[in-house]
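Across the two complexes that follow, chain A remains constant while its partner is chain B and subsequently chain C.
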Partner chain A sequence: MLFKVFPRNELETLYDVLAGHHLVGPQARGKDQADQEIFAFDYIHSFAELRLDFTSTVHSLKRFLLPPREILSSFNLDNSGWEKHIDLGIYKPHVFFGLHPCDINALNKLDKVLTGPVYPDPFYTGKRKNMFIVGVNCSPQPWCFCKSMGTDTVLSGFDMFLTDMGDKYFVEIQSATAYDILMKLPIAQPTEGDHRRFVELMDERNSKFTCQVDNSDLTKILDLEFQSPVWKEWGKKCMSCGTCASVCPTCYCYGVKEYVDLDLTTATKQRQLYSCNLIDFAMVSGGHNFRPDSSSRLKYRYYHKHRGFQEAYEEALCVGCGRCGQACLSGITVPDVIDSVRRQEVPK
Partner chain B sequence: MNKLDFVDVLPAQQSSTRKSDLTSFEYSYKAEITNVYGLTDTEKLYQIRIINSDQRHQFTFKPGQFVMLELPGIGEGPFSISSSPTRHGDLELCIRAVGNLTNFLGRVPRGTLVGITGPFGTSFPVEEMENSDLLLIAGGLGIVPLRAPLFSILENRSRYKQIDIIYGARNPSELLFTYQYQMWRQFDINLKIIVDQADATWQGPVGLITEILKERIEAAGNDLSRNTYAIVCGPPVMFHFVCDMLINAQLPMQKIFVSLERRMHCGRGKCCRCNIGATYTCLSGPVFDYWSVLNMKEAI
Partner chain C sequence: MQKTKTYLGVEIKRPRTAFFELSSCEGCQLQILNKEASLLNFLDLLDIVNFREAMSNGSNDYEIAFVEGSVTRADEEERLLKIRRQAKTLVALGSCACFGGVNQLKNRFHDLEWVKKEVYGDHSIETQEVRPLSDFIAVDLSIYGCPIKKEEVEEIVTNLVLGKSIDHPRYPVCMECTANGNICLFNLGEPCLGPITRAGCDAWCPNNRMGCWGCRGPADEANLSQLQEIMDSHGIPRQAMLDRLECFGGFTSAIKKMDE
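And now, the complex of A and B:
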């Protein structure tokens, strides 16, 4: 990895160099009830819109990779049969400017499932390969437990990564394209002083993490406590709304449906993102539901993320961004659930 | 302006994923429904033939695997292949009308074109089972996934020893493939059928499948530890009872094979609907040995 620095006021130059492409970044979207700013990832049209100082976004950037609805194929229908058309989409390069380490780590996790050697998903892979990612360091929020998940830093999956050092930006460079682009800026080799300052900033950031979750032996605990009454209590709180999955950067499950268009000459096959908390997620023909109650579905969501994925890839399918807990109307958060399963008591 | 030369997926040059893998993801074989036979009020047997003859011959599958069948604009669903693997892309699917796609299928005429993708999933290790006694146990629609391995076994009947089929249905009108029982028996197969509720014409035994299994196990001196393999297909409730009995009769767990049903929307380990913890039923299943099943939470 190469390291460089550039003056803080040159950030706009970097933006200008990249702004010829579709550019997605964090922008402000009003305030919540507590008068805190709300942020969202969306297309950025001017440098002033780009808010690299954002806390975190309500939704992840999933809609740019796994849109809530996506056409997998389309059909022309006529009396003699049908013709299937598969449009894998020629994706335009997108620049993602301002992704926190957790969100980049989330993409790396999704890649394991969706771009892996077994039936790689072309729709995701296509978009993924056409991403240029500018990462940016964050300031930990009270709900972030990425440190416990080992996703508070990121080693791969980005092109360049910025850390604000006050009067300059410290850049980690991961790709040749990123290097070429940075050549348009007055970049300099970091000095000894810059190194010190960078490490100090990291220490300072580390000290700010307040939310934690104890993951030790979690896979075994989840197995042992599979029948625990604690899950029943969480099930009573959960409304099976699926919001947690919809805001989660690592949830990818979907359902497929076909639709005939009104003129009866064309049809489409679409996938729709789903959530394992929804009632019919595991329902099969004959009406049998493998997870008929909210507690078994909630349990499964944790079980897949912290036990199943761990077994398959030796890491959890959760980056500790805390979005699900922030969005849940019942206030169900990952640290609370995991703590309660570990201690066998449900907080009131 | 600075250029970002990214790869578009299709002309992918430096992508690590193979282009052919990407383009084949949504590809389905065009196939024709050549014949439909009504088996019961709700189940029909569909003969489905992949139209392109090269594709038809190249289509190979192993007994126990399934395909995704798609009717454009109506829906897509997973169905076990119920025909002999030697028939390649001349498939037989036995389908129960339960919903959108399956009811619609029940009404389409011969000659209707459908899309077939697959085959997907694991299969019954019929070769490993050679030189052994076989216990094929099916409840209800479970006879459908069992029919493909049965064809393979019948085609090589001399390689297997005693073969028992124990088949249970709710009532006689729900029995499937009645026209083939005679043929199975001619292959020296001990076919025992039991129903939950008899009707006026029924002369066979009435009760649960486990009763017949009990007799069979007792006849073997309560010891299946040597030289026996079992295949169990049926509704989830059946697995517990049947597999427990087999294990109590000392049949090793890795010699019991089951086919699990799950909601499936892709067959490719992507949609996550069939996921049980770490396991995708569509990739690591639907056929599992019983040891694997016991190691999966909520599997049955």
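And now, the complex of A and C:
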């Protein structure tokens, strides 16, 4: 990897160079009841809106890659037949300015499933190949357990990655495009002092992680505890609302449905993101439901993420961003659930 | 107007359709006439033969009957039975028809005579306990909401005319609310029945920063006791949740179950 530094006040120049494209980044969305700022990824229209100092966003950036609803194909119908149109939407390159390591790692995980060799998803892949990512280092929040998931740092899947060093930015460069863009800024070779400062900052960041998950032997433990009573306990708390999967940057399940327009001459085939916690996720034609109760559905979400995916890809389908636990009104968090399976006790 | 339309070369009959209202605010029927941009296409799908709010000279020869409102008088019960005898498909339109709606709030009072006196004074009128259509007749299809959401009605009616299956979302409003990228109202200190209420309205109220009042009734899985705990932990008074649960009548049996 290539490393450079540039003066802090040049960040706006970088923004200006990239702002000619659709540019998405973290922005403030008011305050919650506890007077904490709420952040969201959205289109940025001025440098002042871009809040690289954000804690984390309630929703992931999934809606830009896997929107909750997406038209897969549209049809013109007439008496002699139909004509199909597909729009992959790849003529709109996007810049993502300000992604934390967990969120870039989440994209890398989605890539394994959705751009993989067997069933690549052209809608996702089209967007993914058409994006430019500026990563930025974060300050761990009380709910972040990315360190336990090995996703607290990121080595690929971005174009450049920034670390705020006070008077300058330390930048890791991954792509030729990123290098070309940075040439428009007064970049310099990091000095010996910059190296020291970077390592210090990383040590400081590491010391701030407070939330963790013990993943050792987890696939085996999950296998052993398939019938554990703790699942029933969690099931009682779960409201099968799907919020956890909605906010999760790595959940990708969807359903497909056809809609005929009112005039009966046009129609669309749309996909809708779904969640394995929803009551009819495992319902098949004829009405049989393989997972009729909330506990088996909640369990499945954990088995997919921490057992099935782990066995298939040697990594979990979770980046430890903590969003699901923060958003779940019932307070169901990944660290609590996994801990309860290990200890056979559900916290009150 | 033509009697038929075509879909992929197949002739589709425009069903003879009638709209009726029992005790209601007629807001759902008004919704039927809203959304002007697609109204003509909507009306073109149906052969509407009876619709007091939109036409005079209604006919009683129809296949589909949309019935809005709840039953609060003996003559309404009679009308409903008559409509049922005529209609091949009877649709309960809106929460009054499905659950009793806002009207059924009066069922909370045990002494109906007192209610009558309080509301109508000396003008004595006939009124009985408010009940949904399904207490009297078989309902073929329910369209939830107070008021109904026109977009959803358009989809349902299209499928009805084409003979396609009609599936209501089984999941709760939260799924649509999070899809819209909303910040959960509980974070802002507001109660919301979204986690237990059937979706389909596209999270109409939370989109506008108002907590859900449950007008569409319970989702297929509605964990009331857990939502009660969540309300408690947010310091929301029990009565505030109960007021919402009771408002439209959809949760009447769920409340009874929770109390057991």
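Note that in this section the second predicted complex is superposed on the first by the 347 of 348 C-alpha atoms of A that agree within 3 Å, B and C clash if a C-alpha of one lies under 4 Å from a C-alpha of the other, contacts with A are read in each partner's own complex, and residues count from 1 in each chain.
Note that contacts are C-beta pairs under 8 Å (C-beta built on N, C-alpha and C of every residue); 3 or more make two chains touch, one makes a residue touch a chain.
Just so we're clear, the structure is a prediction, and the values are computed from it rather than from any experiment.
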item: Comparison of chain B and chain C by chain A residues contacted; value: B
item: Touched partner set for A:Met202, first chain B, second chain C, both or neither; value: neither
item: Which superposed partner A:Leu52 touches (first chain B, second chain C, both, neither); value: neither
item: Which superposed partner A:Trp82 touches (first chain B, second chain C, both, neither); value: both
item: Touching partner for A:Tyr259 - first (chain B), second (chain C), both, neither; value: both
item: First (chain B), second (chain C), both or neither touched by A:Ala327; value: second
item: Partner chain(s) touched by A:Gln33 [first = chain B, second = chain C, both, neither]; value: second
item: Which superposed partner A:Ile71 touches (first chain B, second chain C, both, neither); value: neither
item: Partner chain in contact with A:Leu185 - chain B first, chain C second, else both or neither; value: neither
item: Touching both chain C and chain B, counted on chain A across the two superposed complexes; value: 77, 81-82, 259-260, 280
item: Interfacial residue positions of chain B with respect to chain A in the complex; value: 1-2, 4-10, 12, 15-17, 21-23, 25-28, 30, 70-76, 96, 98-99, 102, 113, 115, 235-236, 261-263, 265-266, 268-273, 275-279, 283, 297-298
item: Residues of chain A that touch chain C when the two form their complex; value: 29-30, 32-33, 38, 40, 58-59, 63, 68-69, 77-82, 236-243, 246-247, 259-264, 273, 275, 278-280, 294, 327, 329-330
item: Touch list for chain C against partner chain A, complex; value: 5-9, 12, 38, 41-42, 44-45, 154-155, 158-159, 162, 164, 170-172, 174-175, 178-181, 183-184, 186-189, 194-196, 219-221, 223, 226-227, 230
item: Touching residues on chain A, where the partner in the complex is chain B; value: 17-18, 20-21, 72-73, 75, 77, 81-82, 84, 86, 88-91, 93, 95, 113-115, 117-122, 125-126, 129-132, 177, 180-181, 184, 223, 226, 252-260, 267-269, 271, 274, 276, 280-286, 288, 290-291, 296, 300, 303-304, 307-312
